[in-house]
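We just call them A, B, C and D in the order they show up, numbering each chain from 1.
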Amino acid sequence: MKEAKIKVLARPKLKRPILIEGLPGLGLVGKIAIDHLIRSLKAKKFAELYSPHFPPIVIIMPDGSVRMIKNEFYYAKMRGKARDLILLTGDHQGLTVESFYEHAGKIIDFAKRYRTSLVITLGGLGTKKIVQRPNVFGAASSSGLVKKYQKYNIKFDRTGTQITGAAGLLLGLGKLKGIDGLCLMGETHGNYVDPNAAKAVLKVLEKILNIKLTYKELDSQSKQMKEMFKKLREIQKAPQKTETGKPLDLSYIR
Amino acid sequence: MKEAKIKVLARPKLKRPILIEGLPGLGLVGKIAIDHLIRSLKAKKFAELYSPHFPPIVIIMPDGSVRMIKNEFYYAKMRGKARDLILLTGDHQGLTVESFYEHAGKIIDFAKRYRTSLVITLGGLGTKKIVQRPNVFGAASSSGLVKKYQKYNIKFDRTGTQITGAAGLLLGLGKLKGIDGLCLMGETHGNYVDPNAAKAVLKVLEKILNIKLTYKELDSQSKQMKEMFKKLREIQKAPQKTETGKPLDLSYIR
Amino acid sequence: MKEAKIKVLARPKLKRPILIEGLPGLGLVGKIAIDHLIRSLKAKKFAELYSPHFPPIVIIMPDGSVRMIKNEFYYAKMRGKARDLILLTGDHQGLTVESFYEHAGKIIDFAKRYRTSLVITLGGLGTKKIVQRPNVFGAASSSGLVKKYQKYNIKFDRTGTQITGAAGLLLGLGKLKGIDGLCLMGETHGNYVDPNAAKAVLKVLEKILNIKLTYKELDSQSKQMKEMFKKLREIQKAPQKTETGKPLDLSYIR
Amino acid sequence: MKEAKIKVLARPKLKRPILIEGLPGLGLVGKIAIDHLIRSLKAKKFAELYSPHFPPIVIIMPDGSVRMIKNEFYYAKMRGKARDLILLTGDHQGLTVESFYEHAGKIIDFAKRYRTSLVITLGGLGTKKIVQRPNVFGAASSSGLVKKYQKYNIKFDRTGTQITGAAGLLLGLGKLKGIDGLCLMGETHGNYVDPNAAKAVLKVLEKILNIKLTYKELDSQSKQMKEMFKKLREIQKAPQKTETGKPLDLSYIR
């Protein structure tokens, strides 16, 4: 195995599908969002991407069987809608810089087979602040698309920001192959897993896709995170010093 | 030489062979086991794997000739049994992460040519304890296989454990090509060469393959190791301090 | 995407074009020069080079769209001249040593399609001195070419100097494919962006190509740099010590 | 340029040529020897090996032209002898481990085209001692060859020694392609360029090839080295201490 390979498990007929990507990245925002979407839509797995650029391990599962590191393609048939969905989740983006390009190229080629003409990538944008109501920042593969999606309460104002990995390269390589691209990034601290930013991203996606999601599980996870940060804030109020004599900086908790 | 190559030395006719792998890894458990098996069964070498991902050296042998770094395939014809064996040993697993996948892929493809439908990988599982009676832990490529092999006194309870390198990838890549896989891991400290853990693994393998092995050589090696550890334990009993004033921690010797 | 690819946007008819390269390097001398040339000649983009060896990012532009990291080929039709120009600029040279060779090879092959028989590479040569009137050093792919270009006030006297990256490899790989090569290097400090060295290089290029350029923009940039260095020199005159007690060494400002 | 390439400059007719390799390595022993041989035999260059795994630079020559990093094949027609010679010298062995294998593979394939059936590799074997009369150590691709060459005063007793790079891999990969191999290693300190060890290797080669060489140039280089070491020894006789209070250890000068 010298390069990434996509193993096809089923060949569903899909209506002009939108590819939505949520591989692991900052705050796991994209991955939490896509996995919630996969569960909510009862999407079905139809392909897997394996790669020599993933960690060379297998992991033992509770039943004693092993699983490889992989990316997974799911599909969701959208009744009464013009377009079906292909949902991409996974364990890893790759161990080398070159593999980011290789994987994104394979993913775009695979999506083209299903006549995908739009890819939406999900991720986090790190601001080193913990916020209650995270913004959703955006970028697109053309200024025409920016105009089209501006109405969905997406902030297209992060000039100069770099988007690393699949979330960015799927837009770039997609454009080279004639696929439109939209990137949605939930505002997140960057050091913490952030289900709340994932919900913010999904809220925008609901409007774009004209679907309705519930968030019980994400809300409960967010609540746990919030309580953890509340405790941190209380600790901060007590007069205290760190071992080095410098007060703890918890100012990033807004 | 841009990628690994298998040089075929002979083309034996083999009955639905089982591939058994024992490349160097933790405690050299797998390698000690496979080399003992090769000697015991008087297996014959029939192929060699060379790779640009092995160290770029040759080693001078006692007769003045040189040998390259390689992996070696042996076969053993099993009279009166339904299946013959292919036994894989070697010097090295590869210098890069990607090469682990490349080598495992070539090995699986080679085994497929002989209609191999089962691969058993041998290795060590590090517990940082030195034990008299090492457990044999297991993992398999499906839960059906776990059930099938549970009776052989294999502990399939290491949920979450990662298996690195050939021992794991041969199961993973094998499954993608329709080959069943079983991994046997002898409990071992991890910092020491461990013939005793190798024997434990071979004891399980004896039952699975329905063969009978003797262990004179391994037992003598294990005895030497045991005496070394006994001395360490006596040293520990004497009142003593290390140079840093902290008593030596030899608690890992059970 | 496993290797660099050139995406062709247009297929202009060009008269025996000269390829002129100015990718990022020491003092950004080559890039500043080529970008000035592209603007001055109103050159048109006709191809882009993408590569898995560039950083795996996209950058958000002011209009909310994203751009990939790339190299760009422009052409300029030269009325009344015997040869047209292909101008190569870009964001990056590549993240690995091997990619320098891969990119240079692709660029030479692309230039060959247009029957390019001469490549001129632009760059900086670091001397750790800040000079008012930078020399232009040169090197060529044969001693015959050195003689031909000596009259243009180029100093061909840097025996033993190594030219790293595209500026050197395009000469080397070009020669293997029968393309003449000339490298022009503006004398520069090495630690600073240097529009003045870029102008010196362009002055030589004007004579070689028999064209006339204006330098308003570069002169204004150079003036800003000069004022910055003037201030540094004044600071130096005042009696002063650094924190470590050693006077600041500003002797590199001539 | 994604992999190493051999550019053929001429297609000489050669009688069953012996390939002799002397690329840069320990003490530059092999390179000094091969370059002396090329000069002495007035050998002619007929091919060059270029590689993306060499440093990505060109070097400016005294005449202002540039040269790439490369390996070079020379041939020498041996009048009255049964076999001609192919002599391999060069600037570099490669920047990565994998490239050592790639280059050695290309070299062997190239030699095969000329029906080469013997490769002799030249190098140094580091002993951390400076000796007047260096031994020549050897290794071969089979024990039959060891016996054949034992009479030439080669010490085939370095069991366990590892030979790194081309000197070893040409034997290993050569054997896989049916080419006999002999490695000659001059005893050398390892930290110094060693023309004297190169001479010792050439003295053995003279006998094997049944040729006669003169050593004026090498002897003068060796004399300079010897005088340098003599001075070091005199310094040692004077009562002295190093700055750290420990006497200088010059015992490696025998």
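Note that a residue touches a chain if its C-beta (ideal position, glycine included) is under 8 Å from a C-beta of that chain, and two chains touch if they have at least 3 such contacts.
What you are looking at is a predicted structure, and each value in this text was computed from that prediction instead of being measured.
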Working from the CA atoms, figure out how many degrees chain C turns to land on chain D, in steps of 5.
90
Which chain lies the greatest distance away from chain D when centres are computed from Cα atoms alone?
A
At the interface of chain A with chain C, does the proportion of residue numbers present on both copies reach over half, so same, or stay under half, so different?
different
Return the distance between the CA-based centres of chain A and chain B, expressed in whole Å.
39
Between the Cα centroids of chain A and chain D the separation in whole angstrom comes to 55
Hunt down the residues of chain A that sit against at least two other chains at once, touch-wise.
none
Output every touching chain pair, sorted by label.
A-B, A-C, B-D, C-D
Which residues of chain B touch chain D in the complex?
1-2, 7, 50-53, 55-68, 95
Within the complex, which stretch of chain A touches chain C?
3, 97-98, 100-102, 104-105, 138-143, 145-146, 156-165, 168-169, 171-173, 176, 181, 183
